[in-house]
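Each structure below appears as structure tokens.
Two complexes come next, and they have one chain in common, chain A, joined by chain B in the first and chain C in the second.
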Partner chain A sequence: MKLEEVQQLLPVNIYNNLKHKIKEYKLSGKKEETAIDEVVKAYKKAQICPAESIGIIAAQSIGEPGTQMTLNTKHFAGVSEMNVTVGLPRIIEIFGARKASSTPSMKIYLKSPHNKSEKFVRQLSANILEILLKDISKEINVDLLNLQVEVKLDIDEMHNLNVSTKHITNSINESKIKKVEVVEEGDTLLVKLKGETKIQDLFKLKVQLSELFISGIEGITQVLPVRKSEEFVITTAGSNLKEILKIKEVDHIKTITNDVYEISKVLGIEAARTAIIEEVMGVFNEQGLKIDVRHLMLVADVMTTDGLVKGIGRYGVSGEKPSVLARASFEVALKHLFSAAAHKEIDELKGVVENIMINQPIPVGTGFFKLKLKEDKKK
Partner chain B sequence: MAEEKKPEKTEKSKLNEQILEHSYNPKFEILKPEEVKALLERFNAKIIQLPKININDPICKLMSAKVNDVFKITRKSYTSEDSVFYRVVVDG
Partner chain C sequence: MSEVFFNGVIIGDVENPADFVKRIKEQRRNSNVTTNLNVSYDKALNCVNILTEAGRARRPLIIVENGKSKLTKEIVEDLKKGAMTWKQLISNNIIEYLDAEEEESALIAFDDDELTEEHTHMEIIKTALFGSQSSLAPFAEHNSAGRVMLAAKMLTQGLGIYSTNFNLRLDSDVDMMHYPQRPIVDTVMYKNVKYDNHPVGQNIVIAVMTHEGYNIDDAIIFNKDSVELGLFRSTFFKPFNSEELRYAGGIKDKIEIPDKEVAGYRVEEDYAKLEEDGIIFPEAEIGDDDVLIGKTSPPRFLSGMEEFRVGVESRHESSVAVIKEKGTVDTVIITESEEGNKFVNIRVRQPRIPEIGDKFATRHGQKGVIGLLVPKTDMPFSSEGIVPDIIFSPHSIPSRMTVGQLIEVIGGKVGALQGRYIDGTAFTGESEFDLRKELHTLGFRENGSETLYDGKTGRMFQVKIFIGNIYYMRLKYMVANKYHMRTRGPVQLLTRQPTEGRAKEGGLRLGEMEKDVLVAHGSALLLKERFDSDKSIIPVCRKCGLIAYINQYRNKGVCSVCGDDAPVTFIEMSYAFKLLLDELKSLCIYPKLNVEYKD
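On to the complex of A and B.
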């Protein structure tokens, strides 16, 4: 075959490699054609046959290294006490498509001039850190005598975090907590409810006040600037991709969170697919285990084909199989059988599991194809 | 009032562009009707058999895609240079 003929046939990188090698070894004429033929032959041999059960192969390939993973969930990144879920629990979390990641974390990269300046990185870290009222107060008490809540402010901490008393008063007034009156008294804030005051309301108010958002970016509970070769990267505990991307100096191309659900909401389904692959790859690589990316691509594709991130399991992919018997064989058999009977569902017996159950050839491999003999051509 | 609204709008569109530039997002294009027809003929498929993307997806909103539009998605493949994928816009 000629080089031009195989361009459509081969993947781009194999084609380019072949072209490069032909030039390098100065192949021409018959030798060139033989080389191309061999490459095409090898490529075709490496392709998966139609009706091969790749899902099972992917499951085995992910499962086997999974047995060697640590069951330790916590991992301490860097010097600070920031912990990230790793190992098998993290894999389960990603494939289960849990809406809330147990340890959300972000990696914030900065644009070119800013990522070299330590001063700027420190300042930005301080600015994005979420500050609640409880972080800058020594005590929050309910004063039952005067029917009010006393907030004793920590002046040193406030100075460190650059928050003024006026700022706090404004935050309280603008917040969801309504009908309150704030009186400043030295380093103490007295918060009173307007109108008739019940004691339960005061305790409720105390809880609301301690969780009151003062400044920073909501959700970012810890920040840790780290030097990575040349540049500084901010690692955070807690995640708020949408707000972080709004900051002008943040590199919007590389900044990322480890929460797949949040990525699907902010960046879309395709980004979520990439995130699933990258996150799982990251977990395996961290433990020195190697796994072919193709298996993860398959799983990620299955999870995202319907436009939403769906988990592998009862409430996701396995729970939405069209066949009643296949669903019943997975988990909670009775529930599926009863509801199928009530809704008069029909099983088409097109899948693998249901055909195993009724002892018929399964539609996998050679069983996938049906050949019919045309009688008149038999002669 | 009108003057106040304008800068907010530009800021919003800027943020959206940023989403498209993110390294996790591949290249998106909306196919023309005749291209969709050729595609479906090539795969011998109905339009609902294609992988889906929700109409509320940020990408759909940004590229103002309508239901039944088909996205051509050119991903940077892990195993090759580029790989092409298609998604049809669905509602709900």
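On to the complex of A and C.
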């Protein structure tokens, strides 16, 4: 077959890829046609028959290896590893589409000359690490006598992290903490509330101050530069994709976070779909289990199909099924039945669950097709 | 500074906890405080716990001072003579009881040879670290701890003579084994628990080998001839009872052969085995829906009118004990209940001959079910003509590490040949080395293996087979109590779905995950058919979409909303769904069925 002939046949992505590869390997004539034929053959083989119950097959194909997974695996081997949730808890987290990942983590890649320089990588790591006021102070105390909060600064640490007292004062003034007055007194900062001061407010202020963001990038609680073959990669605990991508030297193509929700915010829904597939695949591969990607693609598609990352479960996909009966059979039956009655919902009985409930053939597999015979009324 | 808790309640704090604990212990030994008191210092929580509560697990240990046991030879002599008692041992500070927490701070020597200056206590006997149940496992020190626990559990499930007055008792669902034996290999605990009075197993010959794959995965192969000679034969007793209850108004039940007019009368032959008094006779062979006690009861809903009717006694049949399995009536006892009513007890017995699927176990946590019964002629035999009773799979040994079982086989072999009992007490029993040597002097291979010959071909096996005597227990789980099947049968009143459970002749549930398999295969019609158990044809009104009914006289549909002559279509649905529609109506939800209709 010719390339033009298959344009309509193949999906855009595969077609473009094929075109690109033909160019890359400089194929022509008979060789080109053989290559195209093979691709078409492989594509047709990968297609799924109509009425195949892919949903259940995907569920079983993910669920079965899931039973073999070691629960709650956490590995601490070596210093150069971060503690990241893996195994079943991680899969539940991804499929549940939790907004806050329990162990967010990033892998920051750098652009070409910088990724070879150990010095630069160390410098950058130090710069992006989130520094809170409690990290650079020896003590934060409430002075009840003078109704103020004392912050005893750790001058050595400040010097190490390249933070000046002035910088801290500015941070306090610019922060969300309103109506405060900062007085410098040697290596101690005295923070006073303006106007009438209640003791409870002082304790609140103390907590706010200790969590005050001073420098670095918010959310990055740990950094770890790791050498991976030729280049240096920075692994982090905590994630802030938006701010990290703003750094000029960062390779914005390879840099990645494991927080699916954040990816959907920063890079869009298609990226989130890919992230779901990659993350789940990673968890299974780590345990030596193999799953066909297409099962995960289906799940990821279902989760992201309307532009938002939705979880599998009551507050996500399952809670938004079109059928009243299917929703009622899942969880909290009464809630769904009453709201259905109030909104005069009609159940078209097109799903699997509904038809099992009323004991009718399910519209899947052999039950999908109906023979419609036009009767000849004359006979 | 550490806090002091007395029975879990904080009572103060002390400066020097170690010294404090030491002083309390001294006070206890000087009998100034009760010997029921235990004290311990928890380093991690920095607190001292003093406990006198009931319900702690405590055990006696010999006190050691300056590396010397306080139980001296003289005291042992006194004990033997009876000049000293256990109580004196405790009051004289020779033995004291420690609980689990105080034990943490004690250094306990195993025996005299181990004693050093640092030791605080010594074991009275080495096996004391096992409980009363796990001490019954012989050579337990050669087994992994988990297997000893399993063995202890299985010892409680073994069949034997559970009570010597069993003939007078009416216990529910008990088994009794006919000829339980005392084990050849025992431990000191067997004397203490008077095991001879209630043994739960038999000494049999075991060969560790495979046999045509019928002992894969913990199955065991039995010698059929041994079973027919009475090996592990037991009897199952099941009691039934019925009472002539009294009701308000001076009426009561009557135990009798029910009259044919009585409501709910079965078939005549069901009552055939009842005697004139309505009770079955002892030694009656029963089965297949036979009635054991015939009984009639007054009408259930007694309305005022019925009482004044003359001559009509609308009693209904309420016989008990319709037995489905075969058995024999063992005992019939007619007596009075506490209220003075006539009370009939019947005990049915069933012989239980070992069959495929019955459960057996050794005293080493090696349990298995019978996989095959092989005639003696097909079983392997030794040059002396010894045929094993059980063929046990060798794959059960390596992963479970029950070495004790192998030693028991050697010990059992020696004991059987010498006519003596072998002491298999953990740590102190006869040593493996001595047993092997003794076996060797008896003319056998010291490792217990022998040349066996294939029973079918008569050819010698190429390998030597490990064969010897071991104590096996029959456990109370038998196929006869468990097997179950159903084609058609009773359904629940509410949902019209099959009942649940063996006792109610229930269906076997095709669960959620099994359903998913059929969905995944796309076999829609098979799935529908499988869930057909409560299929029903329901008339539905096309106008309002609610369930209607048919007036049979006029052969016309009636709808409670649309009135007479409603257009009715019959729809096939599961009865459970019809029930759902009814329940929705009770929730004030109008479940309208949009019915497509073609003329």
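Assume the second predicted complex is superposed on the first by the 321 of 379 C-alpha atoms of A that agree within 3 Å, B and C clash if a C-alpha of one lies under 4 Å from a C-alpha of the other, contacts with A are read in each partner's own complex, and residues count from 1 in each chain.
Following the convention adopted for this analysis, a contact is a pair of C-beta atoms (placed from the backbone, for glycine too) under 8 Å apart; a residue touches a chain by one contact, two chains touch by 3 or more.
Quantities reported herein were computed from a predicted structural model and do not represent experimental measurements.
Of the two partner chains, chain B is the only one that A:Val293 touches; chain C does not reach it.
When the shared chain is aligned, chain C comes close enough to touch A:Leu337, but chain B does not. By the touch criterion stated above, A:Leu27 is placed in contact with neither chain B nor chain C. Of the two partner chains placed by superposition, A:Leu132 touches none, neither chain B nor chain C.
When the shared chain is aligned, chain B comes close enough to touch A:Glu270, but chain C does not.
Contacts of A:Gly367 after superposition: chain C is touched, whereas chain B is not reached. On chain A, the patch touched by chain B and the patch touched by chain C do not overlap at any residue. Of all the residues in chain B, the ones that touch chain A in their complex are 15, 18-19, 21-26, 28, 51-54, 57-60, 73, 75, 78-82, 87, 90. Within the complex, the chain C residues that touch chain A are 515-517, 519-525, 527-528, 531-532, 534-535, 572-574, 576-577, 580, 584, 587-590, 594.
Across the complex, chain A meets chain B through its residues 11-14, 16, 245-246, 252-254, 256, 263, 265-271, 274-275, 277-278, 293-294, 297, 301, 304-308.
Chain contact summary for the complex, chain A toward chain C: residues 51-53, 56-57, 59-60, 334, 337-338, 340-341, 346, 352, 356-368.
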